[in-house]
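In the two assemblies presented below, chain A is common to both, partnered first by chain B and then by chain C.
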Partner chain A sequence: MRFRISAGALVVVAMMWLTAKTTADQQTGGASAAKPAATTTAKPAAAAPAKPGAKPYRAPRTPDGQPDLGGFWSNATYTPLERAQNINKEYYTEEEFKKVVADARNRDEEQTTPGTTADVHYDFTQFGLDKSQHTIAQNLRTSQIVDPPDGRLPPQVPAAAARAQAAAAERKQQGGQYDKVQNMPTGSRCIIMGGAGPPLRDAGYNSTYHIVQGQGAVMVLTEMIHDARIIPLDNRPAPAAGLKQWVGMSRGRWEGDTLVVETTNFNGRNPIGGGRGGAPSSDQAKVTERFTRISDDQIEYKFTVEDPQTWTRPWTAVNYLQKTNGPIFEFACHESNIGVSGILGGARADEKRAAEAKSGSK
Partner chain B sequence: MTRRTALIAAVVGIALLGVGSVAWAHHAFAAEFDVNKPVKFEGKLVKWDMVNPHSWFHMDIKGERWMIEGGSPNQLIRQGVTKNTIKIGTTLIVEGYLAKDGTMKAVGRNFILADGSRLFLGGSAPGQQLK
Partner chain C sequence: MTRKWIVGGAILLAALLLISTSVPGQTGYKAPRTADGKPNFNGIWQAMTTAHWDVEAHPAAPGPMWELGAQFAVQGGLGIVEGGAIPYKPEALAKKKENFANRTKLDPEVKCYLPGVPRAMYMPYPFQIVQSPKHIMIVHEYAGAVRTVYMDNHTDAPADSWMGWSNGKWEGETLVVDTKGYLDTTWFDRAGNHHSDALHTIERFTARSADTMNYEVTIEDPNVFTRTWKMSFPLYRHVQPNAQLTEYRCVEFSEEMLYGHLKKKASE
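And now, the complex of A and B:
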């Protein structure tokens, strides 16, 4: 951002935290002049500690009697996967959460310094991509990870570091990141974004999912970049071990009103955990997701990752899917991925300039 | 406009640490565009490609056709923005950086309308009413 934060903007921030549903329904009539769209329709805090004796919510049903999870849902969140080092409790107070949101919002507003690489970018806010313009479930948790109880990823096993080193050595052998398109990150190449899942992880922006239920199967479409995961519910046998997919292979079943989805057969190249040096999970990972509709507007999304080739113990996290509006504009990432050729062209231009400078200095 | 003059020390410090608003991106913009070639254009919009992973503004700038890279349109579309939201022929001032490869492309760091107001397609961004 190029502009300073004003008191007015902070008032908007203060209003924003009250809203579980923010601005996605707002329609704009002009290119620049619409009003800030914060509303004050506060919704129950999805992730506050449960109130004893509260009557359980009963989800609506599909025509064939399944709990209805269908529709468009956002998992954008201000809650980090791992608890910050200086936080030692499971929930913020509402006042503390207000400050968390305000701080995050202020970061989105920060000006970058002209002439720095951070400034070489479009402005997220001009395209509605900052979180203040997304549908977000209010979530007082200090981390998505609920187990281990410290809210942080468990330690990695030695095999994870060895795997990361081997991958780094292989990358080095292949040359520089921009030597050829195959060396570029999978997200930049429109193959898959890290965190596309399973498990479903907040993508940073465009964090929307479309769930479609049919008899015997559920489909989860990930907005960014494009993955449509088909989850059979017909008790078919586990897939053969040799079949490996970016998003693994899923099998689902109902446990009461909770859709339980177990996924194996990952190709090991789609990082689950992130962080911790970015060591990706292995192809031995198993992810168990639990989707439970807890209100008309929210699904509790709980997942457990077991990957003995990466972490010393399983870990479990909770996030919330907040109902939003659709449809999702087809991402069609590859067709217009001009950036890839621009980056490779830029690298060749850099090399040419460097060669010219070298020959000129002789 | 408070263009490039309103930086405060704390913000500079955070930006230098790389935790500003541009910390997350689909691809490495600094690899595609040249940090040493800042540019400020004024021209007329010819076409807006609302495509992923990033939209492109085609502009007529002093008789030349340039392409300016912007953000993904998906969230804007959710908010009701269409390709007609900015009229063809609209004058835009673009601050950004030129492509490294020498083609007539740039990243649009900042889109500004002729009256000096910032282009906020979604209409609800923080700072919108600040000029």
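And now, the complex of A and C:
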């Protein structure tokens, strides 16, 4: 009656489910259950130049009177972190944005060309993983970064380049990426995904979050690798310097209707800023997040990164959390990680074949 | 006459009170309330048992790795199984013994796999309850395991999973969590006690004082056990003002054990 199902299949089923907006009492096991819903792009109030005279939104309240951020949200977006080099304005026109979305969808679909590696890994379109099948906050901004005003990451300090060099030298010392599991990327190993945050960065797929507000704490669950961050709201002192974590340590407070969360104590191994330019943030980074509910369906998510060991100045970005249908299914990543053993086993088999060919040709 | 009625009423009231305090799991203690009027279980909790080694009564014993000496040896304990022994079917008991013999290779905890329920509730790591009217989150320090207890929109498990699919309800002072949709891949402890994917757990959380609560779990699994059985133990609140869960992101700790044999051989 009950069938075993792998984590990968669970994810797939989850995405099918989210996509198809079926209710939970409908059968979700069959591949025929998913019929992608039409994409909708809902426009957040602050994602376009402000119109004067607009009435401020008042968020609903939890029973204990906090602005209610609870529920299931997605921060999938077509807006890149950094503004493209050929663009020099803050906002697209609606026409331009339509083209950006259409181009992105075409790229998504390209990934599922039969016979390609991507197609073997995940058929994005079939399983509802591609963004075109989700409700995405329409965002006319040309970059998530709003400060510096050019929409791009600030220049790096010399220490960042030195750190990147040292890391590259260390990697070289440890051998090739597929020589051993420890050399593989943390995401492939199911340790942590880049978007787990803080800050909460949109991922290629499964950019889904669950927020639950308890007494004295709020929990933000990132779907990818079931990363649950619990943010205390009780004005406790800053964490001890000796404890550094992948996701740092967070402290939260309300400033009016905005939940402000400051995070320090990073171990520096989970790059902020996507690791662009080969310089992930350092263990000195401080991230300040601001969650503000701006409509029934959206939370404005603004974050500032200060890391004097990496960038010459702080930078700030804005993205939106768009209300989505729950629930989030269990993302048991490590438990079914046949990818690591397959990749390492494949590399060893290749080496064996190469050695045999060499000795055979002698 | 009137006095008789008053006395009679008082006796009746006392009897009712007695009955209400003798409902299973009830403690007579009334927990502080959340803003929506429910017992407030928000906080960080942990069991103080040795059930993570063995849910049944067990003496102290050498650990599975002799190299670690007394540091990681088994601490003895009275067990948490009501009635003492797990009512295994004969073939299931044989499997338990086999699991135990091969525990360093088979125990999902060694591999940093999600622990399942009820094991997560008495592992030697704290967990945090974040309670809202619709969803009660149980977030474990071990492996970042997390469970959502749906207080509304109860549904069947849409697919099997490691931590199961939990529907919750309030029965007076008690939070009752009904969970199905488990995989058969988790164990109950380091002694190889096990279940099938037909496992069905019903957990009852009842406050017994400001900082302690009673926890009991009913285990149903007709594939493995001859009857329904129960485990129970108290949970204790972490009361230090700065208490918080810290990361136990253990995948890295298990990788050499899981994938070490696939490492590139040093070139000769």
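Assume the second predicted complex is superposed on the first by the 303 of 362 C-alpha atoms of A that agree within 3 Å, B and C clash if a C-alpha of one lies under 4 Å from a C-alpha of the other, contacts with A are read in each partner's own complex, and residues count from 1 in each chain.
The rule is short, and it goes like this: contacts are C-beta pairs under 8 Å (C-beta built on N, C-alpha and C of every residue); 3 or more make two chains touch, one makes a residue touch a chain.
What you are looking at is a predicted structure, and each value in this text was computed from that prediction instead of being measured.
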Between chain B (first) and chain C (second), which, if any, makes contact with A:Val247: first, second, both or neither?
second
Would you sort A:Asp64 into first (chain B), second (chain C), both or neither based on which partner it touches?
second
Of the two partner chains, chain B (first) and chain C (second), which one does A:Val340 touch, if any: first, second, both, or neither?
both
Contact-wise, after the overlay, does A:Glu223 reach chain B, chain C, both or neither (first, second, both, neither)?
first
Touching A:Val181 in the superposition: chain B (first), chain C (second), both, neither?
second
Who does A:Thr324 touch here: chain B (first), chain C (second), both, or neither?
first
Which superposed partner A:His210 touches (first chain B, second chain C, both, neither)
second
Mind working out whether A:His134 is in touch with chain B, chain C, both or neither, as first, second, both or neither?
first
If you tally the residues of chain A touched by each partner, is the higher count for chain B or for chain C?
B
Applying the touch criterion given at the start, work out whether A:Leu233 contacts chain B, chain C, both or neither, answering first, second, both or neither.
neither
Residue by residue on chain A, keep only those touching chain B in one complex and chain C in the other, then list them.
2-5, 9, 13, 24, 28, 178, 190, 225, 328-329, 332, 335, 340, 345, 347-348
Touching residues (chain side chain C, partner chain A) in the complex:
34-36, 40, 42, 112-114, 128-137, 139, 144-146, 148, 150, 153, 155-156, 158-163, 181, 183-185, 197-198, 241-242, 244-247, 249, 251-252, 255-256, 258-260, 262-264
Along chain A, where are the residues that touch chain B in the complex?
1-6, 8-9, 12-13, 23-24, 26-28, 30-38, 105, 107-130, 132-134, 178, 184-185, 187-188, 190, 193, 204-206, 208, 223-225, 324-326, 328-329, 331-333, 335-340, 342-343, 345-350
State the interface residues of chain A toward chain C in the complex, per the touch definition above.
2-5, 9-10, 13, 17, 24-25, 28-29, 62-65, 70, 175-176, 178-182, 189-192, 210, 212-219, 221, 225-228, 230, 232, 236-237, 243, 245-247, 249, 327-330, 332, 334-335, 340-341, 344-345, 347-348, 351
Please name which positions on chain B make contact with chain A in the complex.
2-4, 6-8, 11-12, 14-16, 18-35, 38, 49, 51-56, 69-81, 85-87, 90, 95, 97, 99-103, 105, 107-111, 113, 117-131
